[in-house]
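In the two assemblies presented below, chain A is common to both, partnered first by chain B and then by chain C.
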Partner chain A sequence: MTEVKVKEFWRWKEYNWHDENKDWKGAETITAGVDVGSVSSQVVIMVDGELYAYSNMRTGSDSPDSARNAMNWALEDTGMALDDIHYIVGTGYGRVNVPFANRAITEIACHARGGNYMYGPSVRTILDMGGQDCKAIRCDERGKVTNFLMNDKCAAGTGRGMEVFADLLAVSIEDVGDLSLDVEEEPEPVSSTCVVFAKSEATSLLREGWSKKKVLAAYCSAMAHRVVSLLDRIGVEEDFAITGGIAKNSGVIKRLEGELKINSLKSKHDTQIAGALGGALFAKSLAEKQRKKGA
Partner chain B sequence: MKANYGYMDGSGEYFITIDTDLCIDCDHHGCVDACPEKLFEIITDDYDDEVSAIKEDHRKKIKYDCAACKPAGDRPPLPCAEACTPGAITHSW
Partner chain C sequence: MFSKFFDWYENRHDYAKDWIKKTGGEVVGCFCSYAPEEIIYSFGLLPHRMLGSHEPQDVTEPHIFGMFCPFCRDVLAQGLKGRYDYMKGIMLSQSCLHLRQSFTSWRNHVPVDYAHYLYMPAKVQTEHARPYLKGELEKFTKSLEEWTGKTITDDQLKESIDLHNENRRLMHEVYDLRKGPNPPVTGLEAMVMVASSFFVDKKDHNAELKRILPELKSRSLDRETGARLMIVGSEDDDTEFVKMVESVGATIVTDDHCTGSRYFWNEVELKNGDLLQDIADRYIDRPACPSKDWEERTRFPHVLKLAKDFNVDGAILIQQKFCDPHECDIPMLKKYLEDNGYKSLFLEFDVTVPLGQFRIRTEAFLEMIGEEDLF
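Up next, the complex of A and B:
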């Protein structure tokens, strides 16, 4: 019998990075943030408050293992060991299951702090479009949360919903955004309240003869619409920034910016590491506090 | 900080908002005992402040948990909001 290999269109690239020009050995404070999310896990290592290394990979079925794997990958080729890190903060859904974390902090606080670092102190509204939830966060100039709202009851408006569509239409997840923009006329959005309904609606549209691009446009538009209603509840104040995996989807972002009539800030950093980055920044403050107490 | 606990779905928006800047100064946290469904708890938040919050396991079903306090027709004052002397608790529905 011949085995049929199914291509996983939803699978996004996993990667790690470290700054080869930085020497961490003489550093005063080395901290890390470990963000174990529902879909992806990230580790960010900071040396004296500066970004040194990070990794981004898919979360497995076991949170402690996912945290360990992401940490090992971030440390790869750096010469640094886990014991060299002075303070570690765990965040995300699996934050209480990070075996080597000194403290757990919610992803809401970490995204605000990480967003403040990535986009600068002028950022006041952060939208984190994660794997299985969506968070709208208002923060002050120090990255402290002033208002937040999270919707994690259903997959509509989340990365997982986008993965379902990539698989349904056999389109690589990384191409979804650009393809959805390649339509002559913007179609009506599909159902924005439920991914299962949206998927069955999309199947019907394909049978009616809609192109893949048009269906993607309808879904990206639904996703943007869904998220706008979330943002409306807390109010959007500029500057506005988007974090999480969906921030890499131009189709959703362009439509979201169009609905809000606001352009989002861009960052040189990967939008998926915002939570772990915030965790590493919290870890630095906590390590210094701990050191002062001990002195 | 305004912490919104709850969710939105196809049927509407169901959020309990706790203004922790007001909650922080409260020394008795009357909401914890006032709620017949025991939805509230006192937590130490990410900024090390002791504030009231909705328990994790109630956040995705508050529409149903709060239903007894929200009868159709004449609606009496909500026990949690009434017990909250700083006025930190509001409901979106």
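Up next, the complex of A and C:
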């Protein structure tokens, strides 16, 4: 019997990075944020308030293991050990299951704080398009949350939904956005309330002879519609930024910007690390407070 | 200290069956907090406000529309599943269409000897509502006379009014203790205290309240109060939700729910020389359900006063999914509270509570109203 090799089109790039030019050994404060999300986990390590290392990988079925794996990967080749980190904040849906965290903070607060670092203090609205939910967050110049809204009990408009579509159409998840923009005419969006319904709708469209690009366009458009209604409920104040994995999907972002008639800010950092980054920044404030208290 | 109330709340059916055995009386199931319990009780009957059981169920589908609220489905399910097989009478004091559907389905599909529909005026703000409701109460009294074969004297009715007023005063005393900096009562305990009063003979409830009150005044809870929250909205006896909120750094110090303060907030004042009119006035003047609170929103200043009196840091606006009267008011109420310096979080109940999803929203809300230490 020959085994059929199935390509996992949904699989996005997992990676780690650290700043080879930075010497952390003399640092005063080393902190980390661990974001165990529903789909992906990230660890960000900061040295004296500057980004030093991070990792980004898929979340497994066990939250503590996912946190450990992501941490080990972020520490890889840095010479740093877990014990060298002064304060660790856990965030994401697995925030209470990070075994080595000193404190858990919600990803809503962390995305606002991380977004503030990534895009600057002028950001007032952050849209986090995560693995299994979307959050519209309003914040002040420090990255403190002033209001927020989450989507309800549905994975449409999220990373998981996009993965389902990548697999259905056998298109690599990283190509989905650009391909969806390569259509002559924008099609009507598919159902935006349920991934399963959207998938069955897409299957019938393919049967009708729609091209993959056109179906992707219809799905990206549905995702954009869905989050626009979430943003409308909370109100968008500029500057506006998007975090999370879907921020890398040009097909959703361009359509979203078109509907809002607002451009989102761009960052040199990976949009998926915003939550962990916010966690590491909170960890720095908390470490300093702890030190002051102890002194 | 509140174990008796928890026992009553959790074993409501056992209590009702024992009460029937002990007194020889009957239990009357009430569908809404607008039921004039004083009248029912004066006949030697035990009013019992029906709540759901918060379990997924599959028995109400043929009887209730999908877009009706989870509470009305959950209540009807209790009847269809035979959990009230000891109950001979039911009555509805009209508040919303959803609960009316539960009442009519119950009447049609669950065997009862007595069912009365009392039209509680929707527009309580018109001067016609008072005489109208008095007339409805007369009809209700008459129908109970026919069913029980008894007539009640003014003295009996007055005794029942006094008993109910005493219960209201005692629960107020417990609520008052929550105004201080370290409330000796958790939100969970307060919720169960009020909810148990729906099922229990007020004589028993009053006795227990009187027993705990002196101790309660000097009680110190071994927990941090954290953020002081109020909960505002529709029917809510979701103890799991309150437990979760109080486990993440907050205490619920007051509420505006028909299963909480709205139920007992005002007394029957004997001022008309006519007991039925006095009772009618009580239900017209009580803190309103939004289904009756128009054209002026009298609830809003009432909620604001609660927020101030109980010194709250923020509010959770929580309603049964598809509860239109609340849903329509919430954007306005949210803005009203915000304009007065109170932030709020909006959540929607279903039969079961998605605790994980509610927890992140609650925690983020708490961080939002008090995260200064994070910066």
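Following the convention adopted for this analysis, the second predicted complex is superposed on the first by the 294 of 295 C-alpha atoms of A that agree within 3 Å, B and C clash if a C-alpha of one lies under 4 Å from a C-alpha of the other, contacts with A are read in each partner's own complex, and residues count from 1 in each chain.
By our rule, contacts are C-beta pairs under 8 Å (C-beta built on N, C-alpha and C of every residue); 3 or more make two chains touch, one makes a residue touch a chain.
Fair warning: this is a prediction, and the values are worked out from it, not measured in the lab.
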Legend entry - Combined model on chain A where chain B meets chain C, clash or fit: clash
Inset, instruction - In the overlay, answer first, second, both or neither for which of chain B and chain C A:Phe148 touches. - result: both
Inset, instruction - Kindly classify A:Lys25 by the partners it touches after superposition: chain B alone (first), chain C alone (second), both, or neither? - result: neither
Legend entry - chain B versus chain C as contact partner of A:Thr106, first or second or both or neither: both
Inset, instruction - Could you say whether A:Ser229 touches chain B, chain C, both of them, or neither, answering first, second, both or neither? - result: first
Legend entry - Contacts of A:Cys194 with chain B and chain C, given as first, second, both or neither: first
Legend entry - Superposition clash, chain C against chain B - the stretch among 19-27, 199-207, 235-243 or 271-279 that is involved: 235-243
Legend entry - Contact residues common to both interfaces of chain A (with chain B and with chain C): 105-106, 108-109, 144-148, 150, 152-153, 282
Legend entry - Residue ranges of chain C in contact with chain A within the complex: 343, 348, 354, 356-357, 360-361, 363-364, 367-368, 371, 373-375
Legend entry - chain B - residues contacting chain A, complex: 1-4, 7-10, 13, 15, 46-47, 60, 92
Inset, instruction - Give every residue of chain A touching chain C within the complex, in rising order. - result: 93, 105-109, 113, 142, 144-148, 150, 152-153, 282, 285-286, 289
Inset, instruction - Under the touch definition given earlier, write down the residues of chain A that touch chain B in their complex. - result: 105-106, 108-109, 138, 144-154, 193-194, 229-230, 233-234, 282
